[in-house]
Every structure is written in C-alpha cells, then in structure tokens.
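Next come two complexes built around chain A: one with chain B, the other with chain C.
After this line comes the complex of A and B, so read on.
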C-alpha cells in the first residue's frame, strides 16, 4: 500500500517523463536526419551526445531575400518539453536581418511561446522560421532592436512578446 | 461550492497525483496535495503553458481554473487501445505508437492521445494539440446536439 505521492511514486513519475522526453527527441532527430525538409539540416553526431541542445543549419530559401545565406538555429529543450516550448534562437555570425529577428538572435514568433502546442516539433518550428524569412519584404531590424538587446534576458522565453499581425 | 478544489473524490485525486496509472483508483484516498507538509512533495501545476507553480503558490483564480479543468477532463471519454483504430496509431504528443492495452483519451474533435500525455497538456491549456480546437467548446456543443 502506498501513501499518495510517496517518494517512490514521485521518482517513478519523473523517470517516466524523462524517458518519454528522450524517446521523443530521438524520434524527432531520426525523422529530421532521414527526411529533412529543403534548406534544413541537423548535425546528428553532435546532437546524440547531448539531446537537450540542438543546432540546426538553415538555408535562406531560393528566390527569397535570404537566398544564398546560411543561418544557425539553436534549440534548447527543458525537462518539460514538449509540454513547454523549446528555447529557439539564431546563433553565430550571421543573424538574419528581419523585422522579427533581433540582432542577438531572439525571434518574435508566436508559436515559440503563446501559440505553442506539443504536437509541434523541431521540424515544424524550422519550417515556420524558413517561411517567416521567405515572406520578408524588406530586410531590417525590429524598430526596438537596440533597446531590446540591451535590456532582454538571455532566454528569449522570458520576454513577453507582443505579436503583431500573423 | 467554493472549496471544490480541496474536496477529493476518486476522479480528482487520480489527476492530482499525476494520473500515471489506471490502478490509482484502488489506492487509499489521502489528503489532497496542497496540504502535504514536505516542501519537495508539493505537486507542480501549470495554470498556463510555460508557467509552473507549486500547488501552494497558486492564486485563487488559478486554483479555480485548475479545478474546472480537472472536472472537464474527467468528462472526456477514455478507452484502451485494442489495435482496431482506423485513424491515428501514434500519439502526437510523445510521438510513440499506441500499443495494445494502453490507456487512451478521445477528444471531441476526434483526435486521440495517450491518456497520460493529453491529461498533462489539458492541465495547461484546454485545446487539442493537433487542431487547436478548444476542447471545452467542443465538449459543450457535443452535449447540445
């Protein structure tokens, strides 16, 4: 007979959640390496060493303003993924010049916070980012870039984003 | 009314404990988690996605929200995977395939998930992860017809 929430139950549940999380991330990684969408590439080797942090290579789509450019997206998965959204930002030398991308790599995209759903995945986030870039009409930084970059947290999920348009 | 959140019954307590086993109903019903003395055993709730708070730090409004969700979740039909599903064979949340004998929950929009997986999500947001349909609206309209 267990009493409710005995330490064993508690530990058991935590392990189950951890196991499920790892299984899901491995499945996502497999799918993304086997059948990657155009312009999206993962370095599976580096990820298998540390499943909770991924770096994904993104190519600017042909015929978009970013054609020929290469970007790096970083994903960080917390222990509550996929119930909580991953942390997603651009890293590296080339941060796309885009009205929803700050110069520190933070992205203003509603599915990364308010509109997140556990049925979304690394793949769907990458596709949203690619399409966000592709639909850009004018390469420029967000109007509040310099203020935001000075005052924001390192973690883009800590920002209270105001989403304009769609 | 008023303190419905604190009154345990078989349904509520199974969800409060984390709903990870179907046998939970034959366990003795103890005091609800908000009264657990040991700090590290206070369950964590998620009044909205990406928000996590120990049960004893929830505002009254959040407690009511969570209590309502517990009630609504218990009205959603459940079942056991028998291999005969015509549509989805995979849970969109954990991306694992359904295996024989696993507990499932069916949402009014006809999407099916592992019971544990979807209950964890519904405790944060009352929408279907696949179609974003609000579950309570669909639940009410399915009663209406």
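After this line comes the complex of A and C, so read on.
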C-alpha cells in the first residue's frame, strides 16, 4: 500500500524541483557568459535578477543574408523546464524577415515544441536559430503571416505547428 | 513555414556545454539533463549519462515516445545500465530506488440524503430476495451493489478478528436454530 504524499512531502518535492530548475538555469547562464558562441550574447546581470526570463542578443551570421543585423530573442522558462521546452520568440524592433519567423516574433522551429529534449539548452536553441537564419535563401515572411498574426495566441507554444522539412 | 532541425548527437552534446565548459574533472560525469554531477547514475545503451531521477522524469514526460534526450535513440528503463562507483555505500540499483509514483487513492462515494434503499436515482442499487417465510430467511441472499457500506476490514486488524468472531457466533446461532426446528 502506498500512502499518499503528505502536504509536507509535496511541498518538499516542489521545492526540490524548483531548486533543480534554478541550478540548471544558473549553470547554463554561467556557461553562456563564460564561453559564449560567436554571435550570441547575454546580459548576465539582468538575468540573475529573474532567472525565468532571459533576453539574448543574437547577431546575424557573417556571409548570410542577415550579416550585420542584430536581433533579440526572449526565453521564458516554465516550472517544468528542462522537461518542457521554453517559450522562445524574437522581440524588439528588428524581427528577422524569414520564411519561418512571423512578424510577431513567433518562430516555427520543431525543437521548440515537438522535438524538444532536456539535453538541449539556451545555447543550443540560439545556435539552431542562428543556423536557421543562415540557411535562408530569400528574405520573406511566411505565406500565412497576416492570418497567423491576427489569430494566434501570445504564447507560441500554444500554436500547433506543422513542420514540413528543410 | 517551418524548419525541422534534427539534433545530431555531436553538436548537441557540445552545445549543452557539459564537458567543455567546466574545468574540473567531474565535468565528464555530468547528467545530460540537470547538468550537475550525475546522482544515482545510469547510462543508456547509446552511452549517455543521466541521473536516474532526471531520466525517469523525462521518460514519464513522454511515455509513448521514449527517446534519449541527447541522441534521440530509443530508450527505456530496461535498457539503462546503473553505474556503481567504488566504495559507494549504497549499491542498490538506482532504477529500483526511485519510489514508484504514489497510486491514486479512491474511496467509495458516500450516500448522503435521498431515500435510503429506494435508490435508482441516488447512485445506489439494492435488491434482496428471500425464500420462504421467516425462519428460512436465513437462506435469504442479499445483493447490494454500490451501497454506502464500508468494505471488509483488512486482515490482521482488530476489526477483522472481531468480525470473524461475530460471523462464527451467528453461524452457530443459525445451526442451533435449525437443530431446534428439526427436533421441535
């Protein structure tokens, strides 16, 4: 017979999960500030104040259509991170003109929903986004951009994305 | 409007920043999920190291599609190998250590109010039939479906032995009664 979790155990478990989540985010932040990949920058000071929301600066890769451009990516981590993917979207003035990026900043990238894995990290997501931008051949919005932007939820994770290749 | 980025083992491992970033020797033994030194370590058939609690939680997250977080190879509880270091005090298989999830507890709904015994409506259904007149009522069977009575007590509890005793007493009373009927 299993006894149900007592309220104290439950609280204890919740705290442990919270502690593990914060520890992992701190480790990621440390790694990213200490040894950032080219074209990815974080402002550690501002993130330490609120670990659950990060803003990452991204530079368009050299020799790509986005060379010289600067973008801001926002990450929001839920309490189930890293077992659940973070919310990731472009914010700010400059939203890249790309067939997989909607004008409201939402990104259609499979690792951000279905193909998420807890071994991925902020750093690997940033690299995926940079490489997605770099592989672009023609700067344009997704064909259903205006419809999507009008109808979508604020949270890109609520969209049922249809991934088709490439 | 989409891009499908398969995560190959190589770049992902590098990108998680485990082994390259930290300088201490523990770095190679960091769990791929919590990025901390692996606790109750298990290794998958594809060679990736995890804390068992972390991996277990991931397997629970997608029970129908259990894949290695690092390389997306198929993975399951039986296909992980526990790792025991030298001199570890606790040599128990970490896969057994994690307590199984507590089972849901459900209790029978309580009958409150309504017409007792007349209830198709209030969730209980009771039926009883007997054969013959009063004395033979002993043979009557009672079928009760879903009534509000508590189930039998667990064996070993005082209530259980008490109930056993009572049922024996009634059995003897019944036998005596029948005996009396026969000789009377």
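Note that in this section the second predicted complex is superposed on the first by the 162 of 166 C-alpha atoms of A that agree within 3 Å, B and C clash if a C-alpha of one lies under 4 Å from a C-alpha of the other, contacts with A are read in each partner's own complex, and residues count from 1 in each chain.
Everything below uses one rule, namely that contacts are C-beta pairs under 8 Å (C-beta built on N, C-alpha and C of every residue); 3 or more make two chains touch, one makes a residue touch a chain.
This one's a predicted model, so the numbers in the text were calculated from it and none came from an experiment.
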item	value
Partner touching more residues of chain A, whether chain B or chain C	C
Which of chain B and chain C A:157 touches, first, second, both or neither	first
Which superposed partner A:28 touches (first chain B, second chain C, both, neither)	both
Contacts of A:8 with chain B and chain C, given as first, second, both or neither	neither
Chain B versus chain C as contact partner of A:20, first or second or both or neither	both
Contacts of A:119 with chain B and chain C, given as first, second, both or neither	both
First (chain B), second (chain C), both or neither touched by A:100	second
Chain B versus chain C as contact partner of A:85, first or second or both or neither	first
Intersection of chain A interface sets (partners chain B, chain C)	2-5, 20, 23-24, 27-28, 82-84, 117-119, 121
Chain B - residues contacting chain A, complex	13, 17-18, 20, 27-31, 33, 36, 41, 43, 46, 49-50, 52, 92-96, 117, 120-121, 124, 127, 129-130, 132
Chain A residues touching chain C - in the complex, by the definition given at the top	2-5, 20, 23-24, 27-28, 30-32, 34-35, 82-84, 99-100, 102, 108-111, 115, 117-121, 123-124, 127-128, 131-132, 135, 142-144, 161-166
Touching residues (chain side chain C, partner chain A) in the complex	1-7, 11-13, 15-17, 20-21, 32-36, 48, 54, 57-58, 61, 67, 69-70, 72, 100, 102-103, 105
In the complex, chain A residues that touch chain B	1-5, 7, 9-10, 12-13, 16, 20, 23-24, 27-28, 80, 82-85, 113-114, 116-119, 121, 157
